[in-house]
Each structure stands twice: as structure tokens, then as C-alpha cells.
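The following pair of complexes shares a single chain, subunit A, combined with subunit B in the former and subunit C in the latter.
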Partner chain A sequence: MKVKVLSRNPDDYVRETKLDIQRVPRNYDPSLHPFEVSREYTRALNATKLERVFAKPFLASLDGHRDGVNCMAKHTKSLSTLLSGSCDGEVKMWNLTKHECVRTLQAHEGFVRGMVVRYCGTSFFTVGDDKTIKQWKMEAPGYGEAEEPLNTILGKTVFTGLDHHQKEAVFATCGQQVDIWDEQRSSPIRSFTWGVDSFSSVRFNPVETELLASCASDRSIVLYDMRESAPLKKVIMTMRSNTLCWNPMEAYHFTCANEDYNLYTYDMRNLDRPFMVHMDHVSAVLDVDYSPTGREFVSASFDKTIRIFQNDGGHSREVYHTKRMQHVICVKWSADNKYILSGSDEMNIRLWKANAAEKLGVLAPREKQAINYNQKLKEKFQHHPQVRRIAHHRHLPKNIYHQTKELRIMKEARKRKERNVRKHSRPGTVSVVSEKEKHVVTVVK
Partner chain B sequence: MASPGEEATGDSHVGKNKKPPARYWQELPDKGKDEKDEEKPLPQKDQQTQKAKKRKQQEDQRDGKKFVSGKSDPFPGPAPLSKERVQKFKRKDKAKRPRNQHFKLRDIMKRSDEASEMSQKQAARFDILLPEDAGFLEGDEDEDTCTISQEDIAEAVDITSGTKYFNLKLSQFGPYRVDYTKTGRHLLLGGRRGHVACIDWQSKHLMCEINVMESVNDVKWLHSEAMYAVAQKKWLYIYDSNGIELHCIRKFNDVLRMQFLPYHFLLATASATSFLQYLDVSVGKEVAAFCTKMGRLDVMCQNPHNAIIHLGHPNGTVTLWSPNQKEALVKMLCHQGGVRSVTVDKTGTYMVTSGLDKKLKVYDIRAFKPLKSYFLPAGASCLSLSQRGLLSAATGDVVQVYRDVWSAPVTKPYMAHRVRGSVWGLHFCPFEDVLGVGHGDGFTSMLVPGAGEPNFDGLDANPYRSAKQRQEWEVKALLEKIQPELISLDPTELGYVDRATFEQRHQDRVQALGYDPLAKEKFVPKYKKKGRSSAGAVERRKKQVAHEDQRDEIRKTVEDKMKMEKETKERAKKKAALSNQKSALDRFKK
Partner chain C sequence: IHISFFVFDLKGADEDMSKEEDGEDERKRQHLLEAISALGGKRRKTLRERSEAAVQMSEFMVNAEDESERVELSDLIQIIEKTSTVPAKTKKQLNNLQRSKKTIECPLSKQESERIRRDVAFQKAATDISRWKSIISQNQRAEQLVFPLNQEPSGPKPMERVVTGWKAQTPLEQEIFALLSANKQPINDPILTPTEQASVRAMSLEDAKVHRAELQKARALQSYYEAQARREKKIKSKKFHKVQNKAKRKEFLKQFDEMVKTDPAAALEELNKMEVARMQERMSLKHQNSGKWAKSKAIMAKYNEGARKAMQQQLELNKHLSQKLVTSLNDDEEEEEVGDPELLPDFVNDAEQEMDSSNPWMRGRLSQDPTEEEENGDTVGLTTEQSGGVEYIAEEEEKVEETEDNVILREFDSRRKLRQALETDTAAEMSVDEEEEEESKAAAEDGDASDKEEEGLSEFTNLFHEIVEGQSRVEGAGDAGRADTSTQLEAGVIRIRTLRDVELLTQDSSATDKLHGEFPKPLSTENLPSTTQKAGKSRKRKKKIQLKEVLTKETKVMKVLLAPTVEASEELEEKLDQRGLIKEAFAGDDVISEFLKDKRKRENVGTSKILDLTLPGWGEWGGTGLKPSRSKRRRFRVKNAPPPPRKDQHLPSVIISEKRNSFVSLHQVNSLPFPFENHTQFESTICSPLGRTWNTEQTVKKITKPKVVTRLGTIIEPMAQEELVKDPHISSQDLQVVLQVLPWKRLTAK
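And then the complex of A and B:
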């Protein structure tokens, strides 16, 4: 007779001393783990609920400005530094880790319209309503020294925005025309106009560094090449765009914030129809900024909210609002992809988490693992109705909630009418115009 | 220090073709052939990697910089995996990829396929490292294993295992019902005349012993060893492990049999008044109650794979129940007489029933098909299946254990043991080679080598868990309690694509929009420069696309046709095979 009976040595399964961690022998045999799918589903549901429980995005409010915050600039070298300019011409430099203002200077008379940090991070430029461009040192002046700009250029007209070249000592301003400036000279090296009286924003392409795009008040977006004397092409839309931002990773895409409550992502090679229309705001969109990964962007709106969109998603994944935040004028996504900064009408700059439920600080490896696992589960079961309902639910202020509903009704009515027209006319005469094509009037080259 | 020396000499003095010295992990030449097949590595890839590695090494040698010593890795590449082992961890077939799939979806699916394949391989690789092997019992030549007595086995095995064979002589309050916890550490005994005892049976430590002063119909552990349910003469009671009565549940009366669904935290009870009731023990609520209208319900078991309750009835039917449906999901006529006992195996594939017609039948419960039918002269009163698929059947006062009842026709039992008094309850202990038998004269713990799963999962059911670990497990288990609505015949149903809803939604959308947004767009040829957009060229391009579409369609129809033909051929073949069997009427044919 040959016989073997299961006989385990407890020493192999129990920890030796109390100081050890417990032994957990694993066996991944699927038959020992029944109800795999249902259990994972339950876990996913719990993870989704917990995400909503822990979603506390608001971190801090930086107050100190004596008028609405009109523009902000990220420091190119330091994560913890932020510059902001207000409507009374004051510029403040903030330390974000300490939530405090480290420097204040009276830069302009009237609004500070635009601000940009030089690529090396040693100085920054501001433009204001007083028709000047000023360059400032990043360090505060020493004791007894007066706060003086490094350089001041007096322009002929008001400047409304500026941006700096990625690598060279060249910057661009916009106002009644788009000017390209050499830092060493006091007159523009190049000026672009295209029968337009004013521009609201200009941005350099982060990869093809000689390319620029600007938003004009004749409802157009114009593309330029710095090396050429004439603009490249422009697309005219049904409503005016306020600002635009290039995607830092796929730099042939840019997103513009439009007055018609939508944002449009264009492929600059094909301006005939936007690559994606992003809807959800219920008032004009004032500013937009991409995350450094290029997968998401944040938008600020006149409806007192900021929203986060996927670069290829038609609707926002997140909306941030507080009772006290008024019209949001400017918004920035921090360079470490973790925070969002919004400057609004009521003189405050707010610091938000980019991922509302994220835990800040150092994570233990097991915490990290659990977070990753939950993330994957949420992804896997995101289309189940229960999970989706919880994941998508956001509380909105009453007026925005009602306005959204109203807009939806209006849109449906318009659609219904269109459908009826099509139904009662000869087949083929009334064509179907997609949402993307609707907003583009024409492309001029 | 022997092995490195050996290798060094082998390498420096002898030519490259010489084999390295034989090692204990390599195949012995006299081993059986089928075993060799089993451990055959997955095809080709390893060899290729080996080659690539060799080539790389040679290159390195040529550089003369990176390569340090001349010794090559005797086991290059990842460890070989047998096909069966990989197959064991397979969840689903690879998704079929249609030709005109969207590039993003194609990417996602490809990546998920790759990930699942990798996890499958890793799990299989981990499987090699599992520490324990299953038990076995082999007789000498012309010795039946069923003649080997328990005393002999207990003597032959080590002392700790030997102590797992024991008898408890409890003749006063018998016969006894038996239940083990999910980890297999704790034993619950319920005597017909009111004696209830829970024991940590491996250390023989008595946790509590009470007499409820009423007849006891059934006992069942709840999710952990802290609580158990006792079905008494009138009501259902819940006690804790100190024997303190926690609840008396008056909604559950005349309960005869109970089953606990551990992942759903549901206690299913079958009563003499033909009611099937579900109690959620985590919140203490009755989830569902059905009148089955089938008379007294004293045969019950659960399918551990999908949490469906099986009930056996005096008219020979077995009915399947879920808490979501008032009617039985399935009714199967299994026996000519009444059903005496039902049990379902761990994987939810096989159901074994025994009836008053003295038959023992095996069913494929997924297809609801009979597989095997055996005749037991005495008939089986109790059945129980172990984790590794051993079937124990109690015939009167003899407990028989069978092996492989569903694959090969069984002629004699694997083991047999006679107990004193007729058997009342049978239960295999999880993760142990032990069968607990409750009978008229007390309780017998039998050794059944090869019954239990050798390697447990520490996060699921850990027999060696500490109090702290148990507490943590309890919290986790409660958090991922599966809702009773998710119980269905196919437990993976939740993972499928909901096509019906999608189609409905799509239809609604088409209705609302007035056109189909997913319809294939009409091909509009791009404008090309340098004279390549002449009318003729445009027409040609259009034609090309149209041809491509047509070819797709034709390919599809041809494939369908081929499939149909194959099916009909197979059907014909089967028919022919059937007709080849000689029937009694063949002799009248000319």
C-alpha cells in the first residue's frame, strides 16, 4: 500500500515571530475563485463610489489682488512659482507650496493684458493697457533698489496678449496686428495683418517653434509662419474665439475657446472641420490650457465654472465650482500635471487638484497598488449603467443645472425642426450637416 | 560547493558538443512517455530566443568588451510551460477581430488580449511553484484500495495526519448533521435530539457545546467560525461560537435544510412547508421567499460555481432556484422514485443525484444532460463531493468513496468504511484529506487521501489565519458582497457585451435623428493633384472601393456557406455513425 495524505507543516504557513509580516500563500487557480466577474464588478462599484466620496478638488485660494485676476503665467523652470496680473496693473508672484505672495509690483496703468515667462526663467514680459511691453527680472530687487523694469517698449496701440518663442529671444504680441519682436530691438521685426482690426490672443507652437496661431475679432483663427511675411491661412467660424492653446504633445492640434459656449479642437492641417467639438459650458468660454501630457485640457468660462475635457472627448469629465468663485478669466494646468490654477473676477486665484479624488503626498507601495487596481477596475466596468451613473454624476449650481436643461431643450427643438424640414422636402435637397461642420464658415488660404 | 566546480571543468576541457552533466530536475529517461508529453515546452519560441541569445553572445564575444566569462546560461529564456497548465488559467477565447475595425478599438482589444495572455502565462508559471501535492492511495498488486481499513491508513501516515482519523462516540443525542467552515478548521455537529457542538477539530479543542432542548434538523456555519445557524424544531436560530443565542428568526419556520452562499452572504433554507427562503446574514433581511409547492423539502444543495440552489423532490425531480425568480429556473426529472440526495461539484459542471430507485446518476448541469447512471444495491442516502472530485455516498451504515464518477465508468469504490449507526450527514473537509461522517452513534472523521485541494489561497480561505487576518478578511468580504440580483445560471453573464440594449438604443437614436449615424459613409474620392483626379481616375478609384466592398461581402457569404456545409457534413457523419450501430431490427433489412 502506498499512501500520502495532505499534511502541512504549520511553520510554512504561519509567521515565525510577531515582528514578521503574515504569510499569505496564493493559488491563482480560477476554480478556487468563483464569481470572478461579479466580485470584480462589486469592487468596481465600490471603487467608483469611493472616488466620489474622496473627490475634494479644492486645495487653496490665493488672495491678495485688489482687482480681478486678468492673466497668469507659469514659471518655465520652477514648479512652485506662479505669476498673476490683475485688472489694476498689479503683478504678483506666488509661492504655491506655501500659498503666499512673495513679490508684488505695479507693472502697468490699467489692465495687465498678457504675461509670459522667458524660456530660461530669468525674466518675464508683461503687456498692459498703457501700450507698453515691459520686461522684468525674476528676482526681486535688492534692499533699497527701486522696482524697475529691465526694458520698456512703448507701442503705438494697445496690446492684448503676448507669447514668447520656445528657444530664441523672440516674442510675439497681438493687438491691432500680430507683431514679432526681437528682444534687442524696440520695433517689431515683423507685423501681420489680414484685414482684421483686433486680435485677442497669440500662441507659439511648442514643437514647430516658428509657427503661431492667433484669435481675431472677426471670428477667425489665423495661422502664421514667423519666417514668412504673410499669414498662412485662417478659418472663420460662426462666433468669435477668445483664446487658443496648442496641444504640447500632438502639436498639430490646437483647441480654441469660443464665445458660443463650446471649445473646438482643430487639426492645423485640416481646418475645414474641427477634429472635435467640446460642449458642456453654458456661457462663453474665456480661457483654455492643456495638461503637459496633452491628453486633457482645462477650460474657464463666464458661467463661473471650470471644466476638464479629454482631448478627444466631446463632453467634460469634471466640473469645478464654488459658491464664491465668479466669472473665471484665466486658467492654467501646472507643469507637473497635478494641479489646476484658476484666476477669477473676484480677485482670487484658486488651486485645484487635476484629479479630484487623488490622494496627495507620498503613497505607500500597497496604496499605490490598490489605486492602480481600482483604476483598472473602474476602466473595465465603466460602461455598466450603475457604475456610469455614479461616475458621471456631478452636483451643479442651480442656475447652471437649469441652464443646461434649457440649452438641451433648445437644441432638441432645433434638431426636430431640421428633421421635419428634411422629412417634408424632396429627398436629397436638405443635407445632413454634422455638428462639427456647423460652426465653420469658411477657410481662407 | 560541488556543482560549480563540475560545470567549470565541463566547460573548459571538453568540446562544445558534450552534454552538461545530468541534473535531478531533468527528465529521467525511463519515465513514462505521456509525462514527457505533458511537460513539453510551448512550441518554437524558446528555441528561437535561444538562437537569438547565442547569436547575441557571439556578437558580444567579437566586441570583446561586454562579455565577461565564456560560460553560457544552461537555461536560457523563460522556463518552459506545459500547455495544460496554461490552459487551466484560460478565461476566454481570443476575441475575433473583424477586418474593418476601428483603429482605436483594434488597439484596445489587442492590448487587452496581450495583457490577458501575459497574466495567464504568469499564473501558470506561478503554478509550478505551489508547495503542496495532492494525496493519493495506491494498493499493492491485486489489492483493492477499498479493502484498506482506516486504521491501516492512519498507521501508515505521519502522526499528525494519523490523528485526523478519529471517532466521537455520542450515542445519546444522535444521529448527527455535520458542517465544516470554508477554511476547514472548524467543525459543527448538530445532534437530532438537540446536541450542538463546535470544535476546532485539528487541535480537538471544543469551542462550545450546548443542548438546545429541541430537535435539530440542520446546522450550518455562516461566513466565519464566529457564527452558525441551527434549524430547530420550529424556528431558525443563530448562535455565536460561545453558544450564545444571537437571533431567533421567526420568519423562518420548520426549516429542514440550509445552505450558506459565502460570497453572497445568503443563508438559503428549505422548510417542511415547502418554502424556500433566503436570508441576508450581513443585514439580517429576508431577501426572497418562494413557495415551491413541491411538498416537504428535505433535499438541498448549492452549486458553488453559480450560487444556484438545487432542491430534490419526492416525485423524482430536481429543481434549480435563484432568489430572483419565483418559479424554478429548471426542472429536471432525474429519478423514477423520490430524490434522496443531490450534490454539485466545485466547477459547477457535474451534478450527482441519488434516488429511491437505488440509482446514482451523474448529470452535466451546464447542458442538463445525463452522463452516467450507476445502480447501487442499497441506494445512497447522503452524497458529498470533495474539492478534487471524489464522491462519497452513504449506503446505510457504509460510507463509500468513488473516484472519477463522471469520466470513466466506475465498478468499485475507491474507499469504503463502515460506521456504527446509519449515516445522517456527510461533509468533505475543505483543504484536507478528511471526510466527516455524522451518524447515529456520533461522528467519524475519515481519512480520504486525495480529497482535498492541496494549495489554498491565503486571501480567500486560509486555514492558518490569525484573528487579525480573519477580521481583515471579513471586512474585505463584506465590502465585496455580491448582490443577490446577480445570481444567474451563468455567473460570467455580467462580463458580456449587452448587445440587445445597444441595438435598442441605436434604433431609438436613428428614430430621433432621422438618419443612421453609424451607417457606412458613402465613399467620396479625395481630390489629388498633378492630374490624378481626372474623371477617369476618380471613377477607377470609386470602382476599386466598390470592388473591395463586394469582395468582403462575397468572402463573408462563402465563409458562411463553408460553415453550413461543414455542419451538415458533421451531422451526416454522426447520423452514419449512429446508423452503423446494429439494432435488433437490422436483420429484417435487405
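And then the complex of A and C:
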């Protein structure tokens, strides 16, 4: 029998010079590559499984505070710097790359209620229970110098929140009323009141920089324009909102963290119904912060978890928790869209990855390609039951798991009841109220 | 009715009063009014009269009880009408005011007014913020977003920007800057010094424009030319370049012709250049068939017509490029003058070329037999005469002088050749064109003649003619060379056969041993000197110096086998056998019948036969050894309805299982996911593959672009106002309108 040997023309596969890329001949004829769907499905399934395998979001815990962490502030110019204020009036400055505290100062007596870094990054403001607003230098004092604030303003009432203007030397505080301060003056240049209530937080709009929003204790969210003498509008909800955050990329969207376990994203122009209701927490939501890309936000809750939501998704895409983390009071998304920081009751600040399975550091081009391809595969097959099951599975602490179940049952029961009422009453008398409309009591002009 | 009467009466009384002005009526009327007020039952509260000035004054204290005491507007403006300094217009306005009896509406309450103000402010803010709508929706729809949004372009920055943000710190830097500033050298704008700027300013605008236009045109032309050159350089076609080179050469020759007439010095230089180029070509290994490419081609030549051709062309090129340009006259003279007996004749060289060939028989002159040349063209190639037709002719002339033993050898050879011719029907075609050779020779001779005629000309013209002559010679040689190389390619096969022949020949030669004692000795050593010694001198004289003799490095001769023709038929047979072979391999197991059996079995599983539902013991005795009666059995027999036809009914070689596979259904989507409207849409997205197995590199890159890209370690700032300006959907006019309309709205509202 004759033995045949493959013979090919070397010109077809030998490079002309060694600097050329190796020629890899490919035939894209679909008949040569059958079963593309099933092959890609397998790849997608594997990618999803691997994602869950590599999902290790917790990076570090920064300990050092001697009381619960009440507020945090991102540095506006440096990614590696974080400021945190605790319930005993202490402010700590952290170096995130080294996971260590670089500076500690006793800022207030009692709680540090609010903290914000000036837009230039050279100083920061704190407000506390001792009715003072203090401005501090970002640099540590030199040897022998006392740790003293640059400027102290004595207020008449307790301040509960603080935010700084994006570009000008103006900041806003809230307490019994919302005050706008000029940095150079010791009295507010403008104060807004609307009825008798106390405010829990105030935030400047980072895009349309003259606008503000605040959460009041009468379950309302109030909008202001810094240039006007009166507030703009307010919406009263069924329960109180704790904090709110403006979307840094979408000027008219903001999200508020509510006591009724939900978060609500509003379009500023239309307060009648929230643009989106974000559900998943099983206890009051205490803080919310947007990612700098404006596509996602993170929320901290009293149920000892952090959740990450898409800005247009009703349910969270991720939940972070550890055994030791207690009620999470404040949360921040880092300015490079990579990390999440959470401060909780048990005196620790935790550093998390924003994408749990992401590989940190510089990636090789081929790694990048593989990641992109896997990402697209996961997106393509996300509706397949096995892929979805794996992708959506999260381990939850027992009590949260049971509480979620309980809440679901309650919700279903309520729905059923509504349905029955509607069924047994004259058609048209009981109208269907959507989930979005349910939570808004009224809009006050 | 009562009251209306009174009112009527009252009006009448008024008229009366104005007419008659009677005091009694007045009194009556007063009474009447009192009576009417008494009818109401309420006692009107008498208000105190204001008597002293007070800081806090209530509007309710103003007394308006007595109509007679009330101050009318007419009372106040009476004075104005009298004074002449007040303009008529004002008087008219006052009169109009006096006539109108409307009351002014009272102002809104504080809550109401604040609410309106808030509403207006909100409307303003809402319209203001709606500017962002287009850019936001655009970002939401974007395939890919790269953050930070306002990225600075990477790469070198202009010097000015770098320098302005930097201060001299070290003493050295300060010194340098001091020097620069002292000499008025530019620091921030390094492009022009002050003097240069002044000179630029001095130039007139038109001049500058013309100059600029010229420069632009020149630049454009240059860039066009560059682009064209680049394009042409990129063309991979060898043929194209060959044609182009040829055209260039022709052009050059033409130019050269002219140059000879106009500028002989330059032409001489050119000539030298050409000579240098030729030398370089000789020195280099280019076109010597020693490169990688040539080797690969040599391998491929067996199977590929194109490769064979390419090799031939290469050889030809080599010959052409390394051809020395010499006048035949000069060379001849030199040759005769030298007359060196020790110098080896070119026949030796020819033989040496064949050193690597396996056949010692091929080294001799044997194959140069004239008869042979006529009969079998391919044998000419065995000696690989590359010097062209001129040599052949020269050799033909020498034949006479060859010795007897050579004649005998040739006899053997011819005998052998005959046998060979009989054996191989597929002899390579004769490609040496005798006529062409003749022509080329004639051309060369013509050149010689012309040379003689123009002996009086300058040295340069001499040289030039040499070139022309050389070229014509080369062309002639090229034809022959082509034939040569074609035969060379086939030579290997023939040689193998000739080796066999050698054995035959030795057997034959045993008979002729008596005649030639020295013959059995190795021919390679014998034949060479004998022939050269005899033929050497006389031939030398007639021939010009051939390139072959001078060249130190010889061209490698490629030995390439022809594609075997005999084996092809074998292959065919084997192809036919392939099926049989498989059959043979699987002779033991009969797959087809097994498959058919299997299929039948599956078909039968569905179609169950008659079902027997008889229960023993019902209606009769039951027990061991007792069978239910036949009538009963017949009664309870049930025939099953035939199952629906199978899908593989008409497919003889396929079994389709119609059972639902629960394992597969676990992985299937059972309801249409949200954004899709129908199942075909969803299916099409699932069916289009993403991977690089099915898509080209570019497509894969495009498809798998991530939605959000962020740069490592960069702060992403919130969207800035500049983004609005960048947005193409908002024109600057719209912006203006928005900004203008808003304050106006606010004013009107207030």
C-alpha cells in the first residue's frame, strides 16, 4: 500500500520575514464549523461558571475608628485618598493603596454628620453635632503645629448634612433648614425653608451645578435652585428618604434611598412618579452613591448588605456582605469606577471590587479579548435558564434569605388581595395602581 | 316689591331735588333713608373719626360713613384743571380715570404668590435642564462609551503648553532661561524668534498668499508622488514590477542615447555606474538560485508550472545582469596577444559546472554530437551550455578536429540514445531554435562590422556600441538559455536513466576493449584532458571571452524532477480502490443491515399489537390449569389504534427519535425574553455566532466591544458643560434662544 504525505506550498504558510505576523489560514465556510450555537452555548455556560468561581469582591478592611463610621468623603483629585468620620467626632484620612490610616484628627464633639472635599482637593469641610462647620487643610500639619481647622463657623442649630458646589466656593448644609454658604462669609447667603421640618441630607447636582435636592423628615424630597429665593418643588412619598444622589452623567436623574427598603430614581422634571423603583433590600436603605459612569449605583442598607443596581434595572445585579459587617451606614463608589467603599456600624471601612469577578491590574491584550468575548457570550445567552440560574445565584445570610422570602410572600398576598377586591367590585371603581405610582403621596408645587 | 318701589321713588326724588332744590324734600328723603336702614334690623356701627396721627394705622379705621363728607377725586383734581402748567395729556388721563368706576382687585395671598413664583422657577429649571436630553439619550443608546469623556489626546503636546505650566527650578535651568531671555530667544513660543516674527510681518499679504499657494501645491504634488510610489511599491505582482523595470530601462536607454549626443561626460559617468552595478550583481548572491525562495521554488517546480517558469526567469535575469559588456574586437585581440596555453578552455569550465551531476558520462563532450543535436534536443541541456548560440557554432567548427576515440565513444552514445528514444515516449520537447541562433549570430557579426567601420570614433561611442551589441547578444543568449534551463529541469530524470545506461555501456564496451585499452578506466579523468588538450587552442582564438569563464561563482544548477507520469495511472487505480478498501476493512460487520434492523425494532416498539384484557375467574371458574374460554377471550381482545406516522418514514437511512429529551429541555428557553417581540428575532440573535471561529478578526473585534471602557487609574469627572457644546444636536442658535427666552419668562411672571 502506498503511503501518501501531505505536501503544501511553503509560500502559503511561511512568513516573508520573521517580523511578520504568523499567518494562520482560516476557512470561514460555515459548513466546516458546525454546531456554532451549541458550541458557543457551552462557552457561555463555562464563562458564567468561571465568573462565579472568580467572584471574590472583598479586598480589604480598614480598621482604626473607635466608633461607627458615620460618613465618608472621596478626594476629588486623588484616587488613593479617602476621608471618614465616625460617631465619636474623629476624622481619619486613609491611603487606600497601602490600606493604612495616614492622619487622624478630632474634628467634632459628638457625631461627624457630614463631610465633603472641596473641588480643588486642598481642603475639606466637616459638620458635626456640636453645631459647627469646620474647614480643614488636606495636608497634615507640620511638626510642632497644632491640628487646627482653617475656619470654624458656629451655627444656631445642628447640621445634619453637607455638600460642596462643583466649581465655585459655595457649599450647602442642612439641618432645620437648607443653607447656602459662601466660603468667605460666616452667615449663610441664602436659606430655604418650606414648612417646619428637618432635613437629613442635601446634595448639589454635579452637572447642572446650581441645582440642589434635599431629603426632609416630612417624607419629602425638595428641589432648589441656588439662584432663586424659594425652593422649586417637592414630592412627598409614603416613607422618608434618607439620602439621595444625583446621576453624574444624566443631569436630571437622581436616586433616593428610602426607609421602605426601596430606592427610587426620579426624573427631576417629572416627580409624579419615579422613573424606576429598585427593590431588593430587606431593610431601610441608608446611603446611595452613583458610579462615575452613571450606569450603576451602590446602596448601603440597614440589613447589613451592600447592593449594586443598574440605573435602569429594578433588581440588584450584585449583593455584598460579610459575616462581620453590621449595618452599613455610608457607601461610596470610587472615582475610577473600579472600587466600592463601605463604612459600617462596627467601625470598619471595607474596600470592595465594583465587578466581583474582575481581574485587577493591567491586562494583556489577549486577556482583554477573552474577557470581552466571554462578556458578550454571557449577554447573548443570559436568558437561557441554566446560564441565568448560575449568573443570578448569590449566597445570602440566612436571615436575609428568609426575610426576602417573607417579603415576597407578603407582596404576593397583597397583590392577590387587590386582585380579589377588583374582581368583586363594579368594573372601573377599583383602578390598577402601578408599583411606581404607589409610593408617591403627592407633589407640592 | 316694597324695596324696589322705594328705589324707584328715590331716583325720582333725586331728579326732583336737582330740579327744584327744595329743602323740604331733602328732609323727607333723610327720614326715608333712616326708615330703610331701620328695616334691616342691624344697627350700623358708628366709626370713630380720625383725629390724630398714629404710627400704626389700621385700614379698618378709615371712616367712610358720610357720603357728603367723602373726598371725591373730582375735588382733588379741580385745582389741576385750573393750573396751566399741567399738560393736557395728564388732564385727559385724569378725566378718564374719573369716569371709570371699576374697583381694583385685591392682591393675592402670600401663599398663592409664593406658589406661583416656585412654579415659574421650577418650569425654568426644567426647561434649562432639558438641554441635556439629547446627549443623555445618545449616551444611553451608544454602542460604546469611553470614560473619562473629555480625554486629552495622547501623544506629544505642543511645546508651549508644556513650558507654560513649568517653572525653572534648578540653578542650571534658571541660567539657561536667563540666557534665552537675554538673547530674545523664544521661550514659550519656540517657533519664531522676535526678528523672525518681524520679518514675517514685513512680508506683504499677497506675497505670502502666493508663496503659500506655491508651497501648498508643491507639498500636494510631493505627497501625490509619494502616495503613488508607496502604492506601487506595495504591489506584490512580480510581473508588474518586471514590466515596470523593463519600461524604465528602455526609457533610460533612450535618455542615454540623447545624453551621448548632448552631454558625453555625464553619459560616461552613467556608464561607469552601470558597470559598478553589474559588478555588484556579480559579487552578490542575488539571482544565483541560492536563496530560500529559489530553493523552495526548486522543490515546487516538480508540481507547479508557475514555479518552474519563475526559476527560468530568475536564471535569465542573473545571466542578463552579470553579462559583461565588452567589444568583441578588443577581446579577440587581447586573446590573441595573450595566447596563453595554460589558460583553461571554456570546455573545462563547462565540465566543471557538471561536477555535482552524478553521471560521469555527462562530463565529456560526447553529447555535443551534431546528429544528436538534431535528433534529441534535450541532450543539449545535459551540458547546460548557457553562453548561447555563438558557442555552439564555434563548437561545430571544431568537431572535425576531434580524435578517433571520441568518435567511437560517440558511437556508443548514439546507440544508447536511440535505445533511450525508443524507451521514453514522453521525451521533453525540443526548444532550442536553430534559426534563432543563426540570427543572433548574424546580429553579433553585424555589430562587429559596424565596429570596424566606426573605429575612428571616440572611445565613448565605442563603449556605447559595445553595450548595444552586448544586449543583442544577451537577447540571443536568452533564447538559448531558456531552452537550456527547460532542459535542465528535465535533466534529472534523464540522468537517472543514463546511469542505468552506463552499466549497459560497460557491458558493451567489453567487446571493444581490445581496440581501446584505456577505455575501462574512469572516464571522468580520462576524457577531460584529452579533449581539452586537442581542442583547446584553436577554439580559444575564435571565441570571445565568455562570462562563464570569468565568473568566480557559478550559478547553481537546479535539478528538478518532472512530475512522474507513470505513477499517475497508479493513483487512479488506487482511488478506485478506496471504496473497496473500506469495504475490505469492515468486511466483518454488516453495518447497514444492523442499522435497518435497529430501525425496524424502533418502529415496532410504538405499534403494540392486540391487547388482551381478559381476566380469569370472572363469570366462570378460575384456578391453576384453567384457561378462560375462547369466547371470553375474543370478547376482551382490544385492537390498538395505529400510532401517528413516524417522521423518518420516508428516510431510509435515518432514525429520528420522537421522544422528548428532558436533559435538553433543561437548557432551553421556554418563554420569549423581554426585549424581543417574536421568536424569530430571538432565534436570529442566538444563531449569529460571535467567536473568531466563525467571524473574521475585524468583525470579532467589532462585535465584542465592551459597552463601557474606563482607563486604569483615572478619575472620571461628572459630565461638564462642554459636552453640551460638543453635542451636534443642539445648535448654538438653539442655545441662544433658550438663554434669551428664560429671563423674559421670569419677568412677565413677576
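Quick note on the criterion: the second predicted complex is superposed on the first by the 421 of 445 C-alpha atoms of A that agree within 3 Å, B and C clash if a C-alpha of one lies under 4 Å from a C-alpha of the other, contacts with A are read in each partner's own complex, and residues count from 1 in each chain.
We adopt the following convention: a residue touches a chain if its C-beta (ideal position, glycine included) is under 8 Å from a C-beta of that chain, and two chains touch if they have at least 3 such contacts.
Quantities reported herein were computed from a predicted structural model and do not represent experimental measurements.
By the touch criterion defined above, A:Gly110 reaches neither subunit B nor subunit C.
By the touch criterion stated above, A:Arg295 is placed in contact with subunit C alone, subunit B being left untouched. Number of subunit A residues touched is higher for C, counting subunit B against subunit C. Contact with neither subunit B nor subunit C is seen for A:Gly121 once the two complexes are overlaid on the shared chain. By the document's definition of touching, of the two partners only subunit C reaches A:Gln166; subunit B does not. Contacts of A:Arg8 after superposition on the shared chain: subunit B is touched, whereas subunit C is not. In the superposed pair of complexes, A:Tyr28 makes contact with subunit B and with subunit C alike. Legend: residue contacts after superposition of the two complexes on their common chain; A:Val37 is shown touching both subunit B and subunit C.
In the superposition on chain A, A:Asp336 makes contact with subunit C only, not with subunit B. When both complexes are aligned on chain A by C-alpha atoms, subunit A residues 2, 7, 10, 14, 28, 30, 33, 36-37, 39, 41, 43, 384 touch subunit B in the first and subunit C in the second. Contacts from subunit C toward subunit A in the complex involve residues 114-115, 117-119, 121-122, 124-126, 128-130, 132, 136, 139, 145, 147, 296, 299-300, 303-304, 570, 574, 666-670, 673, 682, 685-687, 689-691, 693-696, 700-701, 703-706, 708, 710-720. Those residues of subunit B lying in contact with subunit A across their complex are 88-89, 91, 123, 126-127, 130-140, 143, 148, 152-153, 156-158, 160-161, 164, 263, 304-307, 346-348, 431-433, 447, 449, 452-460, 462-464, 466, 468-469, 479-483, 486, 491-495, 512-515.
The touching residues of subunit A, when paired with subunit B in their complex, are 1-8, 10, 12-14, 22-39, 41-43, 46, 384, 415, 419, 422-423, 432. Contacts from subunit A toward subunit C in the complex involve residues 2, 7, 9-11, 14, 28, 30, 33, 36-37, 39-41, 43, 76-77, 79, 166, 206-208, 211, 223, 225, 228, 230-233, 248-252, 268-269, 292-295, 335-338, 362, 369, 372-373, 375-377, 380-381, 383-386, 445.
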